[in-house]
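In order of appearance the chains are A, B, C, D and E, and numbering begins at 1 in each one.
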Amino acid sequence: MKYVDTNQIQKNMNSRLIKNNILKFIFFLATIFGLIVLAVLIIRVIMQGANWINMDFLTNKLSTSPDRAGIMGAILGTFWLMLVVIPVTLILGVGTAIYLELYAKKGRFQGFVQTNIANLAGVPSIVYGILGMTIFVRALNFGNVVLAGGLTMSLLVLPIIIVASQESIRAVPQHLSEASYGMGATKWQTVKNIILPAALPGILTGSILSLSRAIGETAPLVVIGIPALLIPFPGGIMDKFTVLPMQIYYWTIDSSLVEEYANLAAATIIILLVLLFLLNATAIFIRNKFQKRF
Amino acid sequence: ACGSDSEGDNKDNNEEESSENTGSEGDSDSEKVEGSVVIDGSGTVFPLMAKLAEEYMGEKPDVSVEVSRAGTSAGFEKFLAEDGTDFNDASRVIKDEEKAKAEELGMEIKELKVALDGLTIVTHPDNDWATELTEDQVKGIFLGEYTNWSDVNPEWPEEKIQTYGPNENHGTYEFFYENILEEQDLVSDINLQQDYSTLVTLVAEDKNAIGFFGFGYYDNNKDKVQAVGIDFGDGAVEPSLDTIAEDGDYAGYTRPVFTYLNVDNAKEKPQVLDYALYIMNNVNEFAGETGFAPIPEEEAKTLVSELEALK
Amino acid sequence: MSEEEATSEVAATTKQNVHKKIVYDTKDLNLWYGDTHALKDINLSIYEKEVTAIIGPSGCGKSTYLKTLNRMVELVPSVKTSGVITYKDKSILDKSFKVEDLRTKVGMVFQKPNPFPKSIYENIAYGPKIHGIRNKKILDEIVEKSLRGASIWEEVKDRLKENAYGLSGGQQQRICIARCLAIEPDVILMDEPTSALDPKSTLRVEELIQELKKDYSIVIVTHNMQQAARISDRTAFFLNGEVVEYDETDKIFTNPSDNRTEDYISGRFG
Amino acid sequence: MALDNKIDNQDKPSIQDMIAKKKNGKNLTSITEKVIPVLLFLIAAVSIFTTIGIVYTLLIETIEFFKRVPVMDFFTGTALKPLSQNPEFGVLPLINGTIISSIIAMLVAGPIGIMTAVFLSEYASERVRRTLKPMLEILAGIPTIVYGFFAFTFVTPLIREVFPSVEATNILSPGLVMGVMIIPMIASLSEDAMTSVPNAMREGALALGATKLEVTFRVVIPAALSGIIASFVLGISRAIGETMIVTIASGSSKNFTFDITQSMQTMTAYIVEVSGGEAPAGSTIYYSLYAVAMTLFVFTLLMNLLARYVSRKFREEY
Amino acid sequence: MSEEEATSEVAATTKQNVHKKIVYDTKDLNLWYGDTHALKDINLSIYEKEVTAIIGPSGCGKSTYLKTLNRMVELVPSVKTSGVITYKDKSILDKSFKVEDLRTKVGMVFQKPNPFPKSIYENIAYGPKIHGIRNKKILDEIVEKSLRGASIWEEVKDRLKENAYGLSGGQQQRICIARCLAIEPDVILMDEPTSALDPKSTLRVEELIQELKKDYSIVIVTHNMQQAARISDRTAFFLNGEVVEYDETDKIFTNPSDNRTEDYISGRFG
């Protein structure tokens, strides 16, 4: 008593194989769809903005007239912003990661903090903007200066840095710290001399990637309030500032006021993308260069 | 410094000298002005103010003037506050409540009339029917009395009118609501926007659009939107720098625009007063290119001398 | 015959112990990993300048016992102990006893060579440095002396600045031993130090251990019966967390008192 | 031993002696040992303070808002006229805009993301995967403002070229672009879920004469379903929280409509609009900022918790 | 005596092969994983309705050969083959040959039970379903018949809707066998099917294999010499990717021609 009809199976086989091949092709198309959009986006931006990039554009102050406008102010603003974000997030992020991975007793509190961090990573950036506006700009009365923006951004990227640092600390083999303890080293000596140096490449990679997130973020700064026209260069963390994404934002929405602003926005996008690309390349370089040395 | 002695006798040649005046001021002035000036308020006035700020900073690089454009009403809220802004641009006169608020705070404010703006009714460039409208028709459209163009005039297309305008943060909205619609509510499905540039785009992209905003935004986008000629009773008048000028034919929809100065701040911070003087000395020079009609010279001069008196 | 009898018998019958000093004395040691009772009533004395081997099947508690001797076992959070271990008459399991002090006196070498991902020099200088010795000249001397002590000086003296991970497994393990020597401990604990090495490297390390015995007391865990027989003076046989038999190595390998020991040594289980 | 002698001969103290001597001055070390954990604990607590900060600020001002506007009016109102003389604060237009833009985004990102994941994990060779994956990740690293610019200056005009009835600002274009932005996230999370399905499972099916397609749809995807669902939920959460794309490309009309060719406002875009107008502290519209932000926060929080729950709860045991 | 002679001798001397049909014929098969030469000049014939055992030390290529028979080995991207395998006179290594067809005829059971994370019923019905059988009644019958065939019907008939992962390892392995049976293959390949099972489950699977032999040709890889001796009719001994000896099981285990075979069987290496 045969249930399986060999001929029938033979007949089905061809259509099944054809189906398989067609869908494989569709899956492939889906995969490159994103890349095609990416290519279109980049080509489009370059075509629109590349002509506008020259030394003057990079070094000039902001101006209402397109042919005089430059983005040095926004570049410096981004720079100052990072000067706040980098130390704050590194200290807080790596500190938290060290605490959670190496000091905290694995228990309720640790689990709670961990869940909390995971949830913070999912909070929309604009909500951080509201937090920053309420606390830094208004309650602490910093005003819409670099410090307020930087602290807001720091809180925003903190969960990312924490998780990345935790992962690279976890990746340091236990036997290294055991060797250190075996020499009579105290916990902090072991952490400082052995674990952190070994985890450093991973921490750096994670940090650079989250910094590029902070560099590209716009929404929280919109909430904090960045003036539409701010010409002088920021010179410190208590100065008002604008950053590259904000400049893109204003120029994009004002493009219906002055048409060339759209080109300026595109040119600024190129600069921003190049900056982010360099950062990511650095991160990848560090990752490849220092990965798995023990 | 140069102002106080020269103002009285300089009245006639003020116009020619004004720019030199400020120029020489920078050189001769021993006390260098520096610090920051914070301006917020009208989006209509923004292009003019931004231009002035930029030019000013070219001459006085140590002063930082920042200009925002939250809208007249929103701007007043930030102006009328402890540690508020130094100037508030306004496309309407200050309201009584706002004046009361200032008194409450013990704040002295000064109204500076900077230019004249014609409220412009705009349509899509392909709109070849509603090129002229009477005041009543405008009212009817924005009050929602007409649904389709054909309701206004049977010869016009039987398509739904899409209305656009700036939102309630804006003085332009309030001017329109108070002076043109006589405080009757706007049609409920009107599309109100915070950003003027978005507004321009929307009208430029919608064949059945009709919207309103300051002349400057129309002037900069003549290729994208067209202005409707308004019939105030003596035939249609198109807004232009000439017709919106003092006593021009477009007077029905023309309004003065202002910037309000926090006098206390001006007394405390030399750079604020310095900038105020710069505005009143130079505003007429830049009014035209940013889409405003200049105010009469005398008015400007009076304001300059009043400001000088604050020194 | 019970183990207790066996152990006491040992103490009574071995003559040459009389003049040997005891470094470590373990009394009724019990240890739990959470609910796992990993060490049961251990009683054991480690003698000075001897090699003591610990043998037994996998999971019998050898590593656990070794790590108890320098309290490294506490790195596992769920560990609980009872009983007493004295090191040079100080009770080391007391909470008040500073583990860092203990570990400064007691070096440890691990199963898998685990140099730090630093230069060879830095590996050796690590111990002295964390203990506050900063003088460059003294450090140089310590590094040379320790590397010589671990008989690897000749092989690495020209590449002290290179990363220790560039060395072969056997060399790495000797670096780890040299790292231990750099703080001149009294005791060296070794947990299967040759199990990750090839036969030739193993031989070198075994020779080294014989050398070191002159100056240090050594406790070595090993899976390799031959190795225990070759290099140790005394051998403890662990089974299921208990010490089945502890005696001079010759005695254990030629004439064990307990037949489980005999079974294990002759390869009948484990 | 030779070395020992060497040092002893020169009358130098032994290393242990040196160590012992140093130890006397080593109080600092023990203080450090005590202080560091406390310090690190405080630092770790920052994340908790941040959460408390967010919840506290949102809650306090939201309560204030609900003192002025009844909760029911807020959550059931279809009219949002915050600035009007007779303001109305119905949040439904915003929720509607948020949901519609998220749905459009997920209609793009869901299928394409999962197809990408299938291709990368089941069909692509190791080399192809290693080239394509990082390229896709670039897509995830592009700032949202750039996507906003792209949606507004390229995608919208393109759509209007084909469908002239679409408005210059509309929810469709930002929704689509947002979808593209989310593709890598869904692709990479789903791919992780699929690659963690043991190969034994695939081999079992292949040995029965199944094609790759049948293996994928009948074995791999069912086994990886929890991970795939979690990636979808996280994608939705991302779409809900996305701000700049919708702000730029969808305008600020507060229509309560389901017509995707029209301008709509999302919760995030509302926050941008209101704070861009710098709503004065104390006004109802200012408090509405917090009420909307709170709604947004709760939405995304629920989504994130749901994703964690799904991926933990429904993980197949294999 | 060289292997070639041994093999030809086998062919000549065993009488009962004469009437047995050959299912699989392997000629000069070579296989490389990248640069690793895993199979070298394999020549082997598999006979119908027999159990053929493949034995040999770890890494000798047993699994590789088995997986070549249904071309599962191609899942490793770096694989290259040369030589010919014919299955029922069709050359299966040709690129043009449809692997799906082949695998429909040739079932496979793996070392670790690998049921799908679905219900027992769905596990069995999976094969028929993908091959286009949708009729619920027929499927029901196939499921019952296959489960009976794998002698697990009685144990699971009341819980067909439950997840297969709720079963014990031995039951899971029989489910995997049943899953094979559901598409009524000609040949069943088994790669150490009992190595993950306890002795009792092993026995049941062995009995089952004896049963299945009546209807199917079976090739089984095993580490367990006793198992090969117990259940197979013919045994191939692999070493370093080569077939050292291939003969009737009785012959191999009582009187091997090659002394490497003897060494291996008597446990002298491997």
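Convention: contacts are C-beta pairs under 8 Å (C-beta built on N, C-alpha and C of every residue); 3 or more make two chains touch, one makes a residue touch a chain.
Since we're looking at a predicted model, the values are computed, not measured.
Common neighbours of subunit A and subunit C, listed by label, are D.
Centroid distances from subunit A, each centroid being the mean of CA atoms, peak for E.
One simple way to say how far apart two chains are is to compare their mean CA positions; for subunit A and subunit D this gives 12 Å. Mean C-alpha position of subunit C lies 49 Å from that of subunit E.
Remark: subunit A and subunit E have CA centroids separated by 53 Å (rounded to whole angstrom).
Listed for subunit D are residues 211, 214, 276, 278, each touching two or more other chains. In subunit A, the positions touching at least two other chains are 16-17, 186, 189, 225, 253, 255.
Residue numbers of subunit C whose C-beta contacts span two or more other chains: 101, 104-105, 131, 183. The complete set of chain-chain contacts reads A-B, A-C, A-D, A-E, B-D, C-D, D-E. Across the complex, subunit C meets subunit D through its residues 101, 104-105, 128, 131-133, 138, 141-142, 145-146, 148-149, 182-184, 211, 214-215.
Those residues of subunit D whose C-beta lies close enough to touch subunit A in the complex are 29-30, 32-33, 36-37, 39-41, 43-44, 46-48, 50-51, 53-54, 57-58, 61, 111-112, 115-116, 118-120, 123-124, 132, 135-136, 138-139, 141-150, 152-154, 180, 183-184, 187, 211-214, 234, 237, 240-244, 247-248, 268, 271-272, 275-276, 278, 281, 289-290, 293, 296-297, 300-301, 303-305, 308.
Here subunit A touches subunit D in the complex through residues 16-17, 19-20, 23-24, 26-28, 30-35, 37-38, 40-41, 44-45, 48, 91-92, 95-96, 98-100, 103-104, 113, 115-120, 122-131, 133-135, 138, 155, 158-159, 162, 186-189, 209, 212, 215-219, 222-223, 225, 245, 248-249, 252-253, 255, 262, 265-266, 269, 272-273, 276, 280, going by the rule given at the top. Taken together, the subunit B residues at the contact with subunit D in this complex read 40, 68, 70-71, 74-75, 77-78, 81, 167-169, 185, 189, 191-195, 198, 201-202, 204-206.
Remark: subunit C residues 70, 72, 75, 77, 100-105, 107-108, 110, 112, 114-118, 126-127, 130-131, 163, 165, 176, 179-180, 183 touch subunit A in the complex.
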